[in-house]
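Just so it is clear, A, B and C label the chains in written order, and each chain counts residues from 1 on its own.
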Amino acid sequence: MAECVLLAHGINKRFGGLQALSDVEIRIERGQIYGLIGPNGAGKTTFFNVLTGLTAPDAGTFELCGVRYWPTEAHRVAQLGIARTFQNIRLFPDMTALENVMVGRHTRTRANALDAVLRTRRARTEEAEIRQRALEIIEDIGIGRYAYYLARTLPYGDQRRLEIARALATEPRLLALDEPAAGMNATEKAALLELMARIRSRGVTILLIEHDVKLVMGLCDRVTVLDYGKVIAVGSPAQVQCDPGVIEAYLGRAHAAAPPRLSPT
Amino acid sequence: MGATATAEPSNHPAPPGGRTPPRVLGAMIALGAALIVLPWAIGAFGDAWVRALCFVTLYVMLALGLNIVVGFAGLLDLGYIAFYAVGAYTYALLASPHLTEHFPALAHAFPAGLHVSIWVTLPIGASLAAAFGILLGTPVLKLRGDYLAIVTLGFGEIIRIFLNNLNAPLNFTNGPSGITLIDPVRIGSFNLAHPGTVLGMHPSSLVLYYYLLVAVALLAILVCVRLQDSRLGRAWMALREDEVAARAMGVNVRNVKLLAFSLGATFGGVAGGLFAAFQGFVSPESFSLNESIIVLSMIVLGGLGHVPGVVLGAVMLALLPEALRHTAVPLQDALFGRVLIDAEVLRMLLYGLATVGIMLYRPRGLWPAPEHGMRRAFGRVAAANGEAAKAVSGHG
Amino acid sequence: MDTLVQQVINGLVLGSLYALIALGYTMVYGVLNLINFAHGDVLMIGALSALSAIGVLQGAWPGLPGWTLLLLGMTAAIPVCIALSLVIERVAYRPLRNAPRLAPLITAIGVSILIETMAMLIWGRNYLTFPRLLPDAPIHLGNATISVTKVVVIVLAALIMGALLWLVQSTRLGRAMRATAENPRVASLMGVNPDSVIATTFAIGAGLAAVAGVMMEATYQVAHFYMGFIPGLKAFTAAVLGGIGNIAGAMVGGIVLGLIEALGAGYIGQLTNGIFGSNYQDVFAFIVLCTVLILRPSGLLGERVADRA
């Protein structure tokens, strides 16, 4: 039985009159690439926000690698080991790419104001380590040449990579990516696939929200489908794409009656 | 570096920071020499100029402190001068006859009067200012930019009102009259106000104060630079750029904000204590909203968040009014036979114009950080490939 | 006389003034998400212009009755304030519409200083007295007294606020203003010109400030180049108290704040056994501001700010 990285159960979130999440459950195993899909407005990003502590849930249990947590403070969640990217890319625009990734190291380092002012040994070695590690991650991800460029001047695809690099710098156990392939062309998507595989091979579990069904089918080991805040299907991509409920959610009732074969490549 | 997107990954420009290159070291030595000689050179034009230089150093300290809050952390504090007041009044109360005059119990306990050394009161004043910083910061943690500005402004005004009115029923602050006869700085038995002979020379008290203040200001600059290039400095910048993303990356936003407020306040507290000792007299008038705004315009003019720029802005906006006072007034006299705009008004006019002008035409300030030499102010993440292509082909 | 009724009356007078000024802040914040820091100074310029105008008129036609002079003073102040406000909007705020919020706020502060300096140059630094224009005799209501001027303040403010509510609810312009406040981009798609709506918003706010400024100097008999700043801040507090962007909120907030301040100043001596006196009056507004922003930032009636997604 593979080790469980994330177990979220009974997640509920209401915004005024709208029940954004109803009894959502998700179980991710170590080393998986897990997909979260569903039509627009299904609650995927809300789920991410709840998971990572940016929005407080109304109810639910959360367990990361067996440790229970209650996601009210995003920085605590990051420290526990979930790092995320954002649907609309939220880099630190006037900091360099390298500095962006160095911020990612914040939660794994400890030097405080006094260390900084006095340039203690701890501060100096930590700074060197932060810089070193950040450079490595940036190189590894493939945007090494942009290390000293302001984040907002990077090409779009590289900004997405930078955001992933920054998230990786926090040494997460679970990397949560919100539409990492949005706005990418075919070449960039292929490169992204390769990057995901490399990240997985380093032992990081990945949860991703994606609209590109082909990408999800090709990449994910397991998928949960949300619609109107409820889980309507869970399973392998092949299973899920034949599920009539899923097809109805995406394409309408008429199609559910005669499910089309979606080629997984 | 070519315009193609497949440049070699090892072709990086030299990373900023690290060993100080000899050129910069030479410049710093030259600057140091200039600073040492300056009061003697300027002093030839009159004592008023040396006095002005002393105030310049105080403003530099204030600007650096406010820069931590506004420039590094992005929190618009319009009541910053309150911390200056805390530092000043702390020293004033502990090193003047005021408390012993109005509180017989204290006069009894300290028959020789209260003359706490500045080297003891500076840490006290600084800590007190830091405490006020946390006091101010805690309730405003969740406020958005403009509300934060107004609340901090209110805080500054409240402090001033209290300083003005805490003279009845118990006279703590002596109200609008302020506190006088404040002890000067003493280093051992050496009194900066009456220096006597030093190394065979007769330096004026002003020159000695100048050296002390410059030394403290240089220390302040060093502290700021170290803070900026540290884990905390990056956390502040991340907070400034995007608070949500900073949270998600593990930055404890609450603590980081409180640190910004308290560390910034500390600078104000230290400057305040030195100010009280230097001037020998404090009153609530010196701590009005106008002063907060003046310090803000200094850092905005110089380059928000960039330490050399902040120092430049402080020097310019602290010196220029003095220069104007000595030129514009006689000039108007000569041209018009009378003074149309007096020096005080000219000074405020200058601050207003500087602030508006910079925000409209050079929002990053006169001397922004070199990497930030772009045209647009406070840019957002640009999704357009066009802008990025321009950047790639432009660097090389 | 410190009876409750007297303080309530004082509170209503103060509150009416705050309400008029607060409307300017709240309307501008509603469409631009911007604190018009210079608004208090616009009020000051209106008050001083009216004072000068009245001085000139009194010199030229000494027989003019007080009511006429007051009216003419206001008529002089209003266009001055409107013009100033429009210039500020065009020169200082419009270029920074897309900059993050700190930039226009800092600029507004600079503009405020410039206006104050200008006023200092034109009218000097001293406190100027405003002549007694309206009848002096106090009207007695039981144990309390009220002057004609104060009655005028309350009545005039009520009339103006009623008219404004009608304007915003029932006219085409009002609809355009509400639409722009909700979502300027969509409003422009519906044929509303956001620039002209914004300019109109500034103009209306400035007109109200002019009236408030004149009534303020008429009530308290004094005018000064710095007179707009503190009332401006307090009026902003009132706007936040009622719910920023919410016009009815600004009115309610203004009255409530005025009452809090008057009652507080009246009773603080008793409440604190003489430790704090009415000289701490200004602190009340700030305490209210901090409390509201921390406990109920959307204000009493809820905020209405533009959708800046």
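As a working rule, a contact is a pair of C-beta atoms (placed from the backbone, for glycine too) under 8 Å apart; a residue touches a chain by one contact, two chains touch by 3 or more.
None of these values were measured; they are calculated from a predicted model.
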Per-chain CA centroid nearest to the all-protein CA mean: B
Most distant chain from chain C by Cα centroid: A
Between chain A and chain C, centroid-to-centroid distance (C-alpha), Å: 49
Euclidean distance of C-alpha centroids - chain A vs chain B, Å: 42
Distance between chain centroids, defined by C-alpha means - chain B, chain C (Å): 33
Shared-contact residues (touching 2 or more other chains) in chain B: 378
Set of chain C residues in contact with two or more other chains: none
Chain B to chain C touching residues, read off their complex: 74, 76, 78, 139-140, 143-147, 149-151, 153-155, 157-158, 161-162, 165, 168-169, 289, 293, 296-297, 300, 341, 345, 348-349, 351-357, 359-360, 363, 377-378
Chain A contact footprint on chain B (complex, rising order): 1, 5, 7-13, 15-16, 223, 226-227, 229-235, 237-238, 241-242, 244-253, 259, 263, 371-372, 374, 378-385, 387-389, 391-392, 395
Residue numbers on chain A that touch chain B, as the complex places them: 52-54, 73-75, 78-79, 83-84, 86, 89-96, 98-99, 102-109, 111-113, 115-117, 119, 123, 126-127, 130-131, 139, 142, 144-145, 147-156, 158-159, 166-167, 170, 183
Touching residues on chain C, where the partner in the complex is chain B: 34-35, 92, 95-96, 99-107, 109-114, 116-117, 120-121, 229, 233, 236-237, 240, 274-275, 277, 279-280, 282-283, 285-287, 289-290, 293-294, 297
